[in-house]
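In the two assemblies presented below, chain A is common to both, partnered first by chain B and then by chain C.
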Partner chain A sequence: MLAYTFKRLLAGVVTVWFIATATFIAMHSVPGDPLMNDKAVTAEIRANLEKKYGLDKSGPEQYLIFMSNMLRGDFGISFTQQNRKVNDIIRDHFPVSATLGLLAVFFAAIGGIVWGALTAIYRNRLPDIIIMFLVILGISVPSFVFAALGQLSLVKINQLLGSSVIPVAGWGTFGHMLVPSLVLGLGTMALLTRLMRSSMLEVVNEDYIKTAKAKGLSPIRIFFKHQLRNAILPVLTVLGPQIAAITTGGFVVELVFAIPGLGRYFVQAVQQLDYTVIMGTTVFYGAFLVFMVILVDIIYGFVDPRVRLQ
Partner chain B sequence: MRRLFFPFLTVLCLIAPLSDGFAQISASSADFDTQTITLALTQEPPQLNSMKATDQVSALILGHVMEGLLSYDRRGKIIPGVAEKWEIDSTGATFWLRKDARWSDGKPVTADDFLFAWQTALKPETASEYSFILYSIGNAEDINKGKKPTESLAVTVVDDHTLTVEFETPIGYFDKLVAFTTFFPARRDFFKARGDSYGADAKDLLFNGPFRMTDWVHSASLKMVKNEHYWDRDNIHLNAINADYITEDSRARLNLYIDGKIVHTRLDGETYKDALTQRQRIRSFTTGSVFYLEYNFREDRITTNRNLRKAIQHVFDPEEFVNKVLATPGNLPGRSLFPVWLGGVEDKFRREYKAAEPKIDLALARDYLEKAKVELGVEKIPPLVLLVGNSPTSAKQAEYLQGVFKEKLDIDVKIDIQTFKQRLAKMTSGDFDMVAAGWGPDFDDIMTFGDLFASWNLNNRGRYNNPDYDRLVRIGMTSADPKTRMDAMGELQRILTEDAVIIPQYEQGVIYLMHPKVKGVVRRVVGADPDFRRARIVK
Partner chain C sequence: MTDSILEVTDLSVEFATYGGRVKAVRGVSFDVKAGETLAIVGESGCGKSVTVQSLMGIIPMPPGEITGGVAKLNGKDILGLTSKEANEFRGVKIGMIFQDPMTSLNPTMTIGDQIAETLMVHRGMGKKDAFDRAVELLDKTKISEAAKRAKQYPFEFSGGMLQRAMIAQSLACNPSLLIADEPTTALDVTIQAQILELMSELQRTENMSIILITHDLAVVARMADRVAVMYAGQIVESGTVDEIFYESAHPYTLGLRAAMPSNKTTREKKLTPILGSPPDLFHPPTGCGYFARCPYAMKSCEKMLPPECLLTAESNHQSRCWLQHPDAPEVQELFQPARTQEEAPDAG
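Coming up: the complex of A and B.
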């Protein structure tokens, strides 16, 4: 088990190194100039800027400097927010994205399990059809539509009530998190509902369910004790990567609801060619995703004794 | 299930406190009793070090928390700022600073604070992108290029309250420059104590303007309160300006406005319709920026052919462009490089020097086109590359132009849509025939536009090169006589049309919503906009 964990972690480090290198190369091959702005600057000012950001050095040299700084955990200073360290940007804004993301996953998991179980119970009857229709909607409609709709509904609700009960945008209290996290979690909820449904349907025909029925256990007890517990395993598997995906993928939701999360930096840095922030956020998110996948693999061994790790 | 639930909740509880400090939200967007307003910013201010700031959001904040030697009044006229008196002639300027000007920590604002800020902005290591705006001061350019030491800057601190400046070359608009952000002061001891982190946070800045920043939570909110040390504090009515929201999304800002959370929001083509259906009172204002088609004058380009440019000039109708393509109120049809708000000798420049309006005349245009074909030795004009930005509006504008060119002149246009940085790179390297470009003013003088197509100007991305144009620009920059300067600019305006150097498209207007109880807000073409410095809330 220990050797396995160690091996996985080592592979993880190599993966992160690969992500960093690939991003570095891709970023430098994007046409456009990170130092260019609306107004042109003289050759001298430009040279000063290049010196400040180390862009006067050759590509391989820049790569080596970046790598050695990264190993020391220093991603440098942002190009667009020139007084801020990339490390500070990650430290200040990742907790916001993480809070939002975890809450979204929480809603998604609860919703997915409940709806999934319901569709399995009412298989091919009206509730199943309605829920599965909504699931297709949830998977296919992009989150910016839900975000805009969600915010508009808040405005309408507040107008009806005559005072703003739920904040329309911003960050700080639980009220601020509620609708954005629901919106953010919708896609995952739909995904988990489908997964849960097929998993439940598989379990329903298992021998131990028949045995339980034969023993005369109440349907409720069978459902909770035997069916749900066995069906939930595949859901757990996808949950890890989903947490990573959702905490990193909230760009649109963060924009619409004016939430100071890291997702905004992640996307805007690419648009602005902010080299240091691109590298910092990509490596950070990459490492986070890799870590979550490894974590799930390891936890799997504990949760399900049938899984033997080598 | 329970086994899952609790670890989850635990993690949530662990992370949630890390993200606090974001708690905020005032009761109403415009509160009469506390004289407090709430705003939404379009983006996080990227740079609040005044010596290095280049963008509009930073200028908006800095305009409220800082003050230069001179300032603008509500009509855009130059008025005293930190300096209560000043004299400017062709060789230099003297400023007498008021004795009651104070920093937000109570210490006096002195002449040295200006000298220090200007020297720092010019230092090569600072790498300030706006350092060129100081070049009219003696030795400034050489200092910026590392050829002379910073101490050689031709600015003398006579005493704490007197500052003299020697010019490099005569300049007719130094008073307007001094009101600009890069000329704002910075205090030596404070700046040195903060080092690299100067401007990074509210505590890493010192303020001498009507407001001071107390809180700055990055990407979330920014709070400014009245600066009790400001010399004119009795005429400042607002106690606090809270920028509680930061989002680029215009629909989100409209929703916040309708929900009564913010006092002001700018509208775009989409949100404009929503605001109309919501029966909001929509106001408009011209930003002072001009948008135009710029040609490539590099030798290998067919756009060097004047007859081709004239043909295009006589089919492009700015009136139709503004009404049918832009289709939001507030925009004016483009007639000149010089927008209508610029001052002339006595009155507005455009009233004193009328811009020629090229007739929309298909027969004339086709005449020019035939001549162009003969000169270029081609049967048909080869496709022209039109470089544009990647916003939905740019694409719409480009498609309109493509249609006009094809229909009227049978010229094919290839639209090259690029992201911001890539478009700039292509403009600089000359990879285009025409580019949809625009220019916003830095200071309130005609030269902020006039020198744009001078052969030495780096923003002249099409490399237009005309000795006559250059000569007129020199007159405009160095002459102290308003009539001589404006005559030169009048002639320059004529050349621009005559030579079809650019095709003016429109003067940009913005439409916006403003809380009806907030009075005294000034919309500005230069400096902080919207300007809430003298605003107040009525009952």
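Coming up: the complex of A and C.
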């Protein structure tokens, strides 16, 4: 198990290095550079700026400098936000995105497993049909629609109650997090519900469920001890990438709810070709994604004994 | 007949499918006496598994439906019970093992825990005691290092060992009847012999009855006291193992025997298959189910279902064939005690 974890972590490091290199090359292939802006800049000032940021050096040199700084955990300073360190940007805003994202994943996982199990129990009957209809909505409607609808209903609720019980936008308390995280997790919840449903229906027909019945176990015991645990396995597998996708892909929801997350900086940096912020956030997100996938794989090993020894 | 522990009378099971209703079991009656082994033989799809699984209440319902019949376990009806009522005998009085041990155990639970579970549910034992007992049971089914093995998961066991573990699990509550649904089909021949040996040994020490479902006549000859031959959802012949093998009274039994490999099978003496295929059970025939494939079929066989008749007064040998009618023509290979001995008097 330890060797397995170590091997996975090593592979993860290689993956992150690959992400960093690919991003570096892609970023420098894009026409334009971060020093181009509306104001006319004289050649002299431009030369000074290039010198300050190291842009006067050749590509390979820049790459080596970037890599050695990254290994020391330093992503440099932003081009567009005066003298602000990329590390500070990540430190200030990532916890917000992560909190929102993990809460969203939590809702999505609980919801997906519960709804999926319910649809399987009520297969082809009314509850199943209703839930599966909502699932199609959840998968096909984009998150900004849900975000707007969520905000609108918050306004209505607050009007009805006569006071601002749940804040409509902003960040800070649990009330701020509730609706945005639900909205953010909705798509994943729908996806997991479908997965859980098909997984449950598959497990019901397994021979060991027949054995459990022949042993004289109660339906409730069979459901919890034999069916659920085996049905959750495929759901767990997709959870790792989903955690990363939600945590990093929340900028639309963050924007609508005016949440100071990292997503906004990520998008802005690409638009402004803010080299250091692009590299910093991409590598950080990449590492986060890789780590989450490994973490879920390790958890998977605890749930499914067959994975442990391999 | 007082010592029968299980009596099944006229059991019928149907399945509702998109193509219509499949009449999988059509009026099956048999009984199992204390301490004996009853083998139910027949080809795939003849209803032997459905028969025993509906007794246990483990066929999926719907689409399955028990449309008629009575099954009495020690005099108490066991058909059509709720799962709570059924759980008073399932795993307690009747243990069951299945065809494919590789898929019949929960892959995410240790073997010991799965056996202990039965004891905890039915005997109210604590976790520790139940697990210790599970180790004893594994030991009894000749699994070496049982204490270590009990902590392992099914994927760490071989097929034969899993079937031993299944047997250990089914014996947990000392059942009076073990239903073995093709227990050796998925195992290779040497392991088959070991499992059968283990089953007969445990039958003696635990004093239980066995219903053995199989399509392997060699297994029947080795294990069974009595045999019921099933075809197209009905029992076509039943009797002691000697009666079935040496005094076969139904052409289907003859056909099965001819299709059985023997030591004499050589290039000259080939196996004789039964030609054709079983009838469509969506629309079962009104007459004898074997009519279309029977080499001795008569006109009356097509429309009229032969009754189950007792062949001799002293034995319990039954057959469902018109050739057992007193006026039927003589068939040399067939055991026909009821046939009038005079050579067709009205013909001369």
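As a working rule, the second predicted complex is superposed on the first by the 299 of 310 C-alpha atoms of A that agree within 3 Å, B and C clash if a C-alpha of one lies under 4 Å from a C-alpha of the other, contacts with A are read in each partner's own complex, and residues count from 1 in each chain.
We take it that contacts are C-beta pairs under 8 Å (C-beta built on N, C-alpha and C of every residue); 3 or more make two chains touch, one makes a residue touch a chain.
Everything numeric here is computed off the predicted structure, so don't read it as measured data.
Peer 1: Return first, second, both or neither, reflecting whether A:Asp207 touches chain B, chain C, both chains, or no partner chain.
Peer 2: So A:Asp207 only meets chain C here.
Peer 1: With both complexes overlaid on chain A, does A:Lys225 touch chain B (first), chain C (second), both or neither?
Peer 2: In the superposition, A:Lys225 contacts chain C only.
Peer 1: After superposing on the shared chain, does chain C or chain B touch more chain A residues?
Peer 2: B
Peer 1: Is A:Ser68 contacted by the first partner chain B, the second partner chain C, both or neither?
Peer 2: Neither partner.
Peer 1: Tell me the contact category for A:Gly216 with respect to chain B and chain C: first, second, both or neither.
Peer 2: In the superposed model, A:Gly216 contacts chain C only, not chain B.
Peer 1: Given the touch rule stated above, what does A:Ser153 touch, chain B (first), chain C (second), both, or neither?
Peer 2: In the superposed model, A:Ser153 contacts neither chain B nor chain C.
Peer 1: Is A:Thr21 touching the first partner chain B, the second partner chain C, both, or neither of them?
Peer 2: Neither partner.
Peer 1: Jot down the residues of chain A that show up as touching in both complexes, chain B in one and chain C in the other.
Peer 2: No residue sits in both footprints.
Peer 1: Which part of chain C faces chain A closely enough to touch in the complex?
Peer 2: 53, 56-58, 83-84, 86-92, 95-96, 98, 100, 103-110, 117-118, 121-122, 153, 155, 166, 169-170
Peer 1: Mind listing the chain A positions that touch chain C in their complex?
Peer 2: Touching chain C from chain A are residues 206-208, 210-219, 221, 225-226, 229-230, 233, 303-306.
Peer 1: Flag every residue of chain A that touches chain B in the complex, lowest number first.
Peer 2: Chain A reaches chain B through residues 30-34, 36-42, 44-45, 48-49, 51-52, 80-84, 89, 92-93, 95-96, 98-99, 102-103, 105-106, 109, 113, 148, 151-152, 154-155, 158-159, 164, 167-173, 228, 232, 236, 255-258, 260-261, 264-265, 271-273.
Peer 1: Which bits of chain B are touching chain A when the two form their complex?
Peer 2: 1, 4, 8, 11-12, 15-16, 18-20, 22-25, 40, 44, 46-49, 52, 54, 124-132, 144-146, 196-200, 204, 217-220, 244-249, 251-252, 255-256, 258-261, 418-422, 424-425, 428, 457-459, 461
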